[in-house]
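Two complexes come next, and they have one chain in common, chain A, joined by chain B in the first and chain C in the second.
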Partner chain A sequence: MVRLNRVLLKDAGNAIDKTLSEILVCPLSKQPLRFCEKTKSLVSDTIGVSFPIKNGIPCLVPKDGKILEEEADASKA
Partner chain B sequence: MRRINSLYGRIGLLRRAPEKSTKQSHTLLASLSFSTEGSYGGDGELQQNSSKVKIFDRDLKRIHRDRAAWLSRQKNDSFVDAVAENLLDRLEDCKKSFPTAFCLGGSLGAVKRLLRGRGGIEKLIMMDTSYDMIKSCRDAQEDSLDNSIETSYLVGDEEFLPIKESSVDLIISSLGLHWTNDLPGSMIQCKLALKPDGLFLAAILGGETLKELRIACTLAHMEREGGISPRLSPLAQVRDAGNLLTRAGFSLPGVDVDEYVVKYKSAMDLIEHLRAMGETNALLERNKAAIYDSMFATEDGTIPATFQVIYMTGWREHSSHPQAKRRGSATVSFTDLQKQFGGQS
Partner chain C sequence: MALRSVSRRLGSRILNHRSFVASIHSHATSFGFQEVKEEEKSKLVGNVFTNVASSYDIMNDVMSGGLHRLWKERLVGKLSPFAGMKHLDVAGGTGDVAFRIYDAVYSVKRRALQKVDEVSLEETQIYVCDINPNMLNVGKQRAAERGLRDNKSLVWVEGDAEALSFDDNSMDGYTIAFGIRNVTHIEKALAEAYRVLKRGGRFLCLELSHVEIPIFKNLYDLYSFQVIPNLGELIAGDRESYQYLVESVRRFPPQERFASMIADAGFEKVEYENLVGGVVAIHSAIKL
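Entry: the complex of A and B
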């Protein structure tokens, strides 16, 4: 149970590793990603797609990406 | 589902749904019914690149790998371990150390487990298309208490690598790349992700793999339906591997082949093994199993299956690599060499 708490704490802190945040780019446009606090996801501004982060593991498969139509939709996404 | 269509529309990356005429659709994959979901509208648009033919259903592959993560949790697979061991051994042959390493799909767990500090790796990044596979790797790591290497996990597609250019020293892929639709494209992206003087190590299954199964399937199918359609996925030939490496732009390419014959108690065991590796195409009907057993059984009653593994190595170009000299720039002739080293005639 102690192990479980440690994992939760780590995820609550910064959602992704420092290593990953330096290396990751958008799989489709190869442009840098922005971490969005509100939706806890990685956003690629150039193409307007957000990729989810599950349990601290970013899911950058193009199929998992959600399109952010406008600012209004982004909060729902 | 609108999500995917317009997503690709934005990038202008369009793929045509597989042609009905090429019977490569692996009926048991049911790829036609799957691919309509992702049939990227606009049939009027041309393919960007002729190498982007959709042979494998990647979504189905993800599901297979989710199942494989589940099945292979308990025991270690000796075939997969042998391949990973062979691949990692090559790291010892290099004087260079690779602080940042990236592990692509295939048998991730085996690579991580067998690494044992070779190659001077400090940071390891693991990637797979299946979330369950990554999760089980991460859980295994926490259980083993071996935290000397800083490991990060992410879920991604080998055909769309989410890695910045020139950011990793080493890329390892053990039995992962033979399920990509666009292998040259993946390899090019791998090359770009490597720092100069970075190493690319991959093991893929070759054309001779499971030839017994291929024959049994063909025969069974001929008996039942009077015609044949391919059931085993197209696999790279050794001669193509070299071309792939040079086409991707790697310098000092190297290819070698190894054949492993694995013996099973019955044909169904083989299928179970394939499922646990995430390598299945289809369900095996009992007819094929019977033919397989009768044609290929050895004296002690076990069924052999051949796995041909092609190992590819390539480096990202760097000024320290030896380059071939320009034609006509030779300063020494072969006759001189012969005199120097004493010809045997």
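Entry: the complex of A and C
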């Protein structure tokens, strides 16, 4: 039952995430965000910061942003 | 206890002498009647709302005798929501305003009257932005209870009113109900509101404000400082947060001053309407 809910949630989440990355921008640079499949977060490439998505809610408070390390560039390719 | 009430009375007397054109800087460093560092304020406010999130809605009903519902109805009425609109409700954590806008757009009676086409109805997007995840979670839960959990029109985002994560000129409407009082830098929040609104977009702010009517003011002060913190203790188990609430209302700029701040942000046709003699005020403006 839990697994079924989790699968359903994930599917719902993915659909929403695409819409989100289209409408949301980085709160700091105001540039478009990219949805990163691997980390399930929204990435601001301009300033190299990623914002988490918790419970389907994107957390775009500036201080919640995580500065991305160099190796993250590999995942972009 | 006696000392505290004496110092509070002294404090309010000093406040009365101080000119209301006090620098906006003072709002950024005030947490109710306490002076705090700017960086601290948002954390302290965050703690308040984390603590009250679960009883937020009940407390609103009790403190305002249910009137807050009418005030929010009025706010949404002034907004005149339309199908296909992109709306941003800031500090709207538990969803009160967002749900009302949703209902207004999707109400069957309204659709029949206005011959709305289904496509534009589906394009309606209501974004609920709040800095506090607990408040948003309560909102999402309420959405689920209404059967709107997976509804694409309601989007919940955690964000800062002073640094919104929405594109310039993207919103038809912006509302902030009982939230602007809590931001550290009001001018930044207003500037952000201006930025995200489209040309012709409406700004609406519902906020607790200042009462000047002679005897009523005294009754209101009595109610605020004697009754509300006790209600907070009784119902939410948190006296401090509700003490902060009533103090923060007093520290917020009065109606005229706030209206000029809105104008300073670039808005036009700035107006305000007092409800219940000024206990709340709805400020409205347009980005032209």
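Operating definition for what follows: the second predicted complex is superposed on the first by the 55 of 77 C-alpha atoms of A that agree within 3 Å, B and C clash if a C-alpha of one lies under 4 Å from a C-alpha of the other, contacts with A are read in each partner's own complex, and residues count from 1 in each chain.
Everything that follows uses one rule, which is that contacts are C-beta pairs under 8 Å (C-beta built on N, C-alpha and C of every residue); 3 or more make two chains touch, one makes a residue touch a chain.
A quick note: this is a predicted structure, and the numbers were derived from the prediction, not measured.
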Is A:V25 touching the first partner chain B, the second partner chain C, both, or neither of them?
both
First (chain B), second (chain C), both or neither touched by A:I67:
first
By residue count, is chain A touched more by chain B or by chain C?
B
Is A:I47 touching anything from chain B or chain C once the two structures are fitted on A? First, second, both or neither.
first
Partner chain(s) touched by A:I57 [first = chain B, second = chain C, both, neither]
both
Chain A residues contacted in one complex by chain B, in the other by chain C
16, 19-20, 23-28, 30, 54-62, 64
Chain B-touching residues of chain A, taken from the complex the two chains share:
3, 7, 16-17, 19-20, 22-30, 32, 47-49, 54-67
Per the contact definition, I'd like the list of chain C residues that touch chain A in the complex.
125, 127, 131, 133, 136-137, 140, 150, 152, 155-160, 163-168, 170
Contact set on chain B toward chain A in their complex
3-4, 6-8, 10-11, 13, 38, 59, 62, 100, 123, 125, 129, 131, 134-135, 138, 142, 150, 152-157, 160-165, 167-168
Going by the contact rule set out above, which residues of chain A touch chain C in the complex?
12, 16, 19-20, 23-28, 30, 33, 54-62, 64
